[in-house]
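Structure provided below as structure tokens; questions to follow.
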Amino acid sequence: MPSDGPAAASLDASDTTLTPSPRVRRVRFYLTNEFGLVLLIIIFGAAFTFAVPRFLSHFNLFILGRTAAENIVIGFAMMVVVVTGGLDLSVGAIGVCAAMGGGWLMQVAGLPWPLAVIGGLLLGAALGFVNGWAVVRSGLHSFIITLASMSIFFGVMIFITRAQAFRSIPLSFASFAHIRYFGFISPLLLLAVVIMLALVYLYRLTALGREMLAAGARASAAELSGVRVKRVIILCHMLAGLLAGVAGLMLVARNDAAIPSMAGQLGQDWLLPAFLGPVLGGTLLSGGFVSPLGTLLGSFLLTLLTNGLLLLQIGQFWVEAVLGLLLLVAVLLDQARRSFIARRRMI
Amino acid sequence: MQFLSRYGRTDWFGPLLVTILAAIIVGSLSPSFLSAFNIQVLLLAVAINALVAYSQMIIIAIGEMNLSVGAIGGLAAISFAGMMQVWHMPILPAALLGILIGLLGGIINGVIISLTGISAFVITLASLSIYKGVNLGITEAQPFYGIPNLVKHLGNAPFLGPLPWLIIPTAIVGFGLWLMLTRLPIGRCILAVGGNRHAAELSGISIRLTVIVAHALSGAIAALAGILLCARLQIGQPTIGDDWLILSFAAPVIGGAVLTGGHVSVGATTLGVVIVAIITEALVLFNIDPFLVQVVLGVLILWAVGINRLREFRLKPLRRA
Amino acid sequence: MAEFLFEALGISKSFPGVMALQDVSLQMREASIHALLGENGAGKSTLIKIITGIHRPDAGELRLAGTPIELTSPRDAMAKRIGVVHQERNLIPRFSVGENIYLEQLAGRPLKPLRYPELYRQSRKWLDLLDLDVDPATPVSRLSVAKMQLVEIAKALALDSRVLLLDEPTASLTPHETVTLFKVLKRLRDDGVSMLFVSHKLEEVGELCDQVTVLRDGRNAAHSQPLQGLGRQDLVQLMIGRKEQIADWPARNFAAATPALALKGVSTILGHRDIDLTVKRGEILGLYGLVGAGRTELAKCIIGQFAVTEGSVEIQGKAVKIASVADAIHRHGIGYVSEDRKAEGLILMHSVLANAGITVWRNLGRHGLPLTDGRIRSRIEPFVRRLEVRTPSLAQLVGNLSGGNQQKISVAKWLAAGVKVLIVDEPSVGIDIKTKAYLHELLRELSDTGTAVLVITSDMPEMITLADRIAVMNDYRIEGTITNTRDYEEMSSRIMSLIHRVEAA
Amino acid sequence: MSRLTKLLGCVGALLFSGLAVAYADPSTKIALVPGGPHPYFASWAQAGADAKKDFNLGAADYKVPEQWQLADQNNLLESLVTQGYNGFLLFPGDPVGSVSTVQELTDSGAPVIALAGCLKDPSTASFCFGTDVYRSAYLGTQHLIAGMAGTKKRILHVTGFLVDPNTQLRINAVNQAAKEGGATVAETIADIDAPGPAEEKINAYLAAHANDIDGIISTAWVPSVVSANALRRIGTKRIKMVAIDHDKAVLQGVKDGYLLGTMLQNPYGQGYIGSYAIDKLRNGCKVNASAPWTKNALTARFIDSGTVFAGPEQVDNYLQSMQAITKTIFASFAKTYLICSK
């Protein structure tokens, strides 16, 4: 009975009673985020190619893929926390910390790079744990916790390293960012795809992943159904830390060095890509629904636009404005799509 | 004791205590801290940061977030400077237009949010890069230097003792907000919407209007902050506002604001700003590693939140009362 | 002066997928209290939301004193002096009592400065009228639920409404407070106010109201007829379309059965004191009590959401420490069907599969095998079938199902989990009679297969239908346990006496 | 990256340019890319335009990353390669972090010169052409000390991002000069390239310790501006100051006597000569390994683009003096630093 539900209790219960017909179902498929994104990517890709033939040059495709890979993983790092209805402002800070940690292990401690990488990732996960633990223990919104922790993590890192870069990065590791398969595919992009598949597996085919979604959708119900919500939330933050670490180390490989400034002051430079990917990808900020593929496509679209706009030479200063505008449009379209569907299901 | 428990509950009590303590400690360690000129410097910092905090606070009051505070401030600042340098516009109209731009930016945010129902977080994230982008597009990241001397003067000079001119607009805004949030129905409506949207709706409060008003205010205040900063720096820096976000949340939170909305305190927020300012300055005075500033700020936030947390618990009604 | 102060004529309203109201009418006289009855989902709330301008009717018209009116927003209704006390909490927690009472007026003139002393003085009047002794300056968040309820009524009165709608105002009141409230309402009636009183408690209706309108499945079952001469049974018949019969299942004897769940001298962090309670294998124990008696709270302590501070909890005869809900489910096989389906029972935005399967994921995923939809389906499908959940597919979002089917799913997941002890809190909230009866049989069968069931309900007939024994709880204590003879009058009087023994004391 | 591959990359780049025909050629498309928007680089645009005209280049465009972010600069550079630019004058967004990007640029066959700021060796940049930050800071301090004669010679040093290794050089230089000149560095305030914080910190310090210092040396743009304004505000000429660069506020301060003077750098010359060098490198010239390179903390292949101290007399015609320096460097540049197969 709708009028008992909060949805209808708010003043905008729609009056239309449309029952899903096959046609509508087809429409619904065309309205899925992923489809929409693929469409946008094709359109813009075509447009750029038309405007700037060099757009499809091997070199450009290569750097496009590589930059996309970084943004995608950053997006994932945020996504896995957004699943819980929270968010993690400290992804950037954690990413840099993990990168510097890894750099230190390679240069100062002189570990073989695989171990160093593992070390860096563990550091990332550990910092994630700190966030998660603080969130569940204090019962505060992760926004405040991570707002504080981003300052603390970054501050401590810069304090310890004195902002000195680690640059003796083994070639075998750094080359990941420079090899080109078939002349235009970056290994990092493949890595990003692998991570996506892993996340898909997590959310679709494991108890933990499903519990993360349940806890995100409605913690109280999940709790009463035997989900250890607190533990799950901590794990989400650890996963975020881990992924942030991956992104950080990708940048290390790309720069042949671990640089404290690589994500800007406090790692804030990462926030935009971190949110845009998931948001464009249709992940609900309120939690409970997630789309790794969507995030991947979203981040890719974002990178594509930046790259294309630069090539168009509309003047690099207008790039950001145009980006913001496109983002807004994308979000509004997505909203239209969602309400369109919502009218068919009564949520 | 009774006295303590009575004031212990108010938001401003904790921050006030900290402020006084901090002032005493710093002052005793470095006497010049309390010198007129230093107080003036402190007030200058507070004057601007307080506005930044207010413009976020008003949005926190309705239980939303405004990531574009800095972008709006920056845009207003460079428009203000630009209009005076390029179009040789007199100061007052330039300032008013600057604030108008901020107001507009806020209204755009508010309208989109209340019409689409998309979370403010996403919308302001988008508008953040739009406003910032327009800023860069106009300035090509080059500052405007053509600031009239009168503005430069107002931006730094005191009008009486250590009190700088800049403190005046801030004081007015602060008082206005306090009046609005405690005495004017519109302010109460804002808090009501933040406190319990559904109830407010059923009580005949127009959610949409309230949200738009809040964002409009936020934009205007951010713009004012940008303009003041521009006057203080004596150049129209395109980078104005880039580093506002953290402070804008830190101060209200230190001041006991509840992020879910419905509860903010102008006084406590102002004190939050003062605390941050004192700490920042102390770190310079005592020649402390600048890298530590961030850590201290972060810890400060957590600590403040912790305190508020405790108070929350004390305020919780007994289960069976 | 028209004969009726307020009329709703031929109202129809539909929501996506549902016909909520169909040609419903009611006419309220001046200076009278009009009862609006109907089961959950019969359309009461919708009707009220229409009368208060929250929803617009698809068809039909509203009349005030004979003249047709258009209500486009709550504001309109208030302007027309139609006040309402909604079912859900509608107060601003951090605002003072006085301010909440006058919130509507505030919204009106956004820039006129408030004068609190004035405002408090005025609100004082309404509080006195309700014999509510609180300082108008205290924040609402510090009041008890009951007091909040009264503040809401004061809020409605403050609009000096001529028409006052009360949507289950007594739901969260103790008998004491209810009595006071009724005094007030009667006084208001004598002052000429016309009230619409929505309640489940037929006793109250009989005591208070003059006319009655009954809704069934969104239609009028009775339309503004005098309450005189209508007995409880008649009303029930109007509501559910047939006599309510208490299934005369044979009494069962559990003398031999071993206890599945036993509480011995249990005290909890929530304030329960020396609770003694035993549910034997295969037994259905009813836990009866008024709102706020602490039944749901006890359940949540049993399943480990809140701590047990003293005494011992025994499962299948062994004393156990239940650290978390997950413990209770996965280690001790205790399940809990929440009374608040939408908030705690189900994840409306997730599919049937996800909701029914949530309890078996851990178990299925244990050996590291991929947890495919297929494996989950094969595990839960039998139960979903057995409960005859009506859903197009397991992929359907639970939010799209009817209350009854939702409830079936929140039971199904526990069957799938194969719990030994099942706690069911208000099993029939918001579900239609047929499903209700079906659920009752289901619970009975379940208990026959050896599952111990603890039923919490304030619905007396349901209690008497289901329970083998009935424990009566009041003010966080067990007042006594009686064996159910399935004789309605006898049982209800014995239960009431158990409760009122304390009330009297 | 191992030195080996860098060497290979370098050789590859040089081979490529070696094959190219050896006359000034319109196919040369040069991009002058600063680390981010900053007034210091403004004159690169003019320099590029002039060079294009004088040396008949295909292009010599001034391209600014929209924000001072390494990632932004990298994206811009990459897109410039795609757009067919084949020579780069680059202010490294990060002396270490930009090395790999430069590697990719050179791999694409485009010679790269680190302009204004250097890359940390080893890198595939042909060489570094810019201000010797150490020397400039050192000289500036000496001028300051001279100006502080008869006082206690207590110096406040204000400078830029600690993240920038050059900052460390400047600090060392100032301390060194102070030691030699019998002065003391009372405090070093760093990390104030953003106007807001600079404003707060410098004023806070002056407020507290104005009487404890006799001179201010600034070795970064923003601190120079802020300190100059601060002194003007306090209205004291007791505290002597030497700033850096040519911001209006600074020059005005020098004219009005609030500042002793400012250390001027030569961005125009950097852009002009740099463009010339790139074109040469693309057309059969190689870097002369045995040239009289100066060595600095970052690289062994450094060319000083010139610094002059401008006091009240010089500030008005500082451009000319810069032009002069540029001419002198340019005159001998090719034969000193390049080996051309002509």
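As written, the chain order gives the labels A, B, C and D, with residue 1 at the start of each chain.
Heads up, the rule we're going with is that contacts are C-beta pairs under 8 Å (C-beta built on N, C-alpha and C of every residue); 3 or more make two chains touch, one makes a residue touch a chain.
Everything numeric in this text was worked out from a predicted model, so none of it was measured.
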Next on the checklist: Which chains sit in contact with both members of the pair chain C and chain D?
Outcome noted: A, B
Next on the checklist: Farthest chain from chain B, going by mean C-alpha coordinates, please.
Outcome noted: C
Checklist entry - Any idea whether B-C or A-B has more C-beta pairs in contact? => result A-B
Next on the checklist: What's the distance between the Cα centroids of chain B and chain C, rounded to whole Å?
Outcome noted: 45
Checklist entry - Taking each chain's centre as the mean position of its Cα atoms, how many Å separate chain A from chain B? => result 30
Checklist entry - Measuring from the mean C-alpha position of chain B to the mean C-alpha position of chain D, what distance in angstrom results? => result 37
Next on the checklist: For chain D, give me the residues that contact two or more of the other chains.
Outcome noted: 64, 66, 162
Item to check | Contacts with 2+ other chains: residues of chain C | outcome: 54, 73, 88
Item to check | Two or more partner chains touched - positions in chain A | outcome: 6, 9, 11, 162-163, 317, 319-320
Next on the checklist: According to the definition already given, which pairs of chains are in contact?
Outcome noted: A-B, A-C, A-D, B-C, B-D
Checklist entry - What residues of chain C sit close enough to touch chain A in their complex? => result 14-18, 20, 40-41, 43, 45-46, 49, 54-56, 58, 73, 88, 303, 305, 324-326, 328-330, 336, 338, 342-350, 354, 357-359, 361-362, 364-365, 370-373, 397, 399-400, 402-403, 413, 417, 430
Checklist entry - In their shared complex, at which residues does chain B touch chain D? => result 30, 32-33, 35, 37-38, 40-42, 44-45, 136, 140-143, 145, 156-157, 229, 232-235, 237-240, 242-243, 277, 280-281, 284-285, 287, 290-291
Next on the checklist: Under the definition above, what is the set of chain D residues touching chain A in their complex?
Outcome noted: 1-2, 5, 63-66, 69-71, 75-76, 78-79, 81-84, 94, 96-101, 103-104, 108, 120, 162-163
Next on the checklist: Show me the residue ranges of chain B that touch chain C in the complex, using the header's touch definition.
Outcome noted: 179, 183-186, 188-189, 191-192, 195-196, 198-206, 262-263, 315, 317, 319-321
Next on the checklist: For the complex, give me every residue of chain A touching chain C.
Outcome noted: 1-6, 8-9, 11, 13-19, 201, 204-208, 210-211, 213-214, 217-218, 220-228, 288-289, 343-347
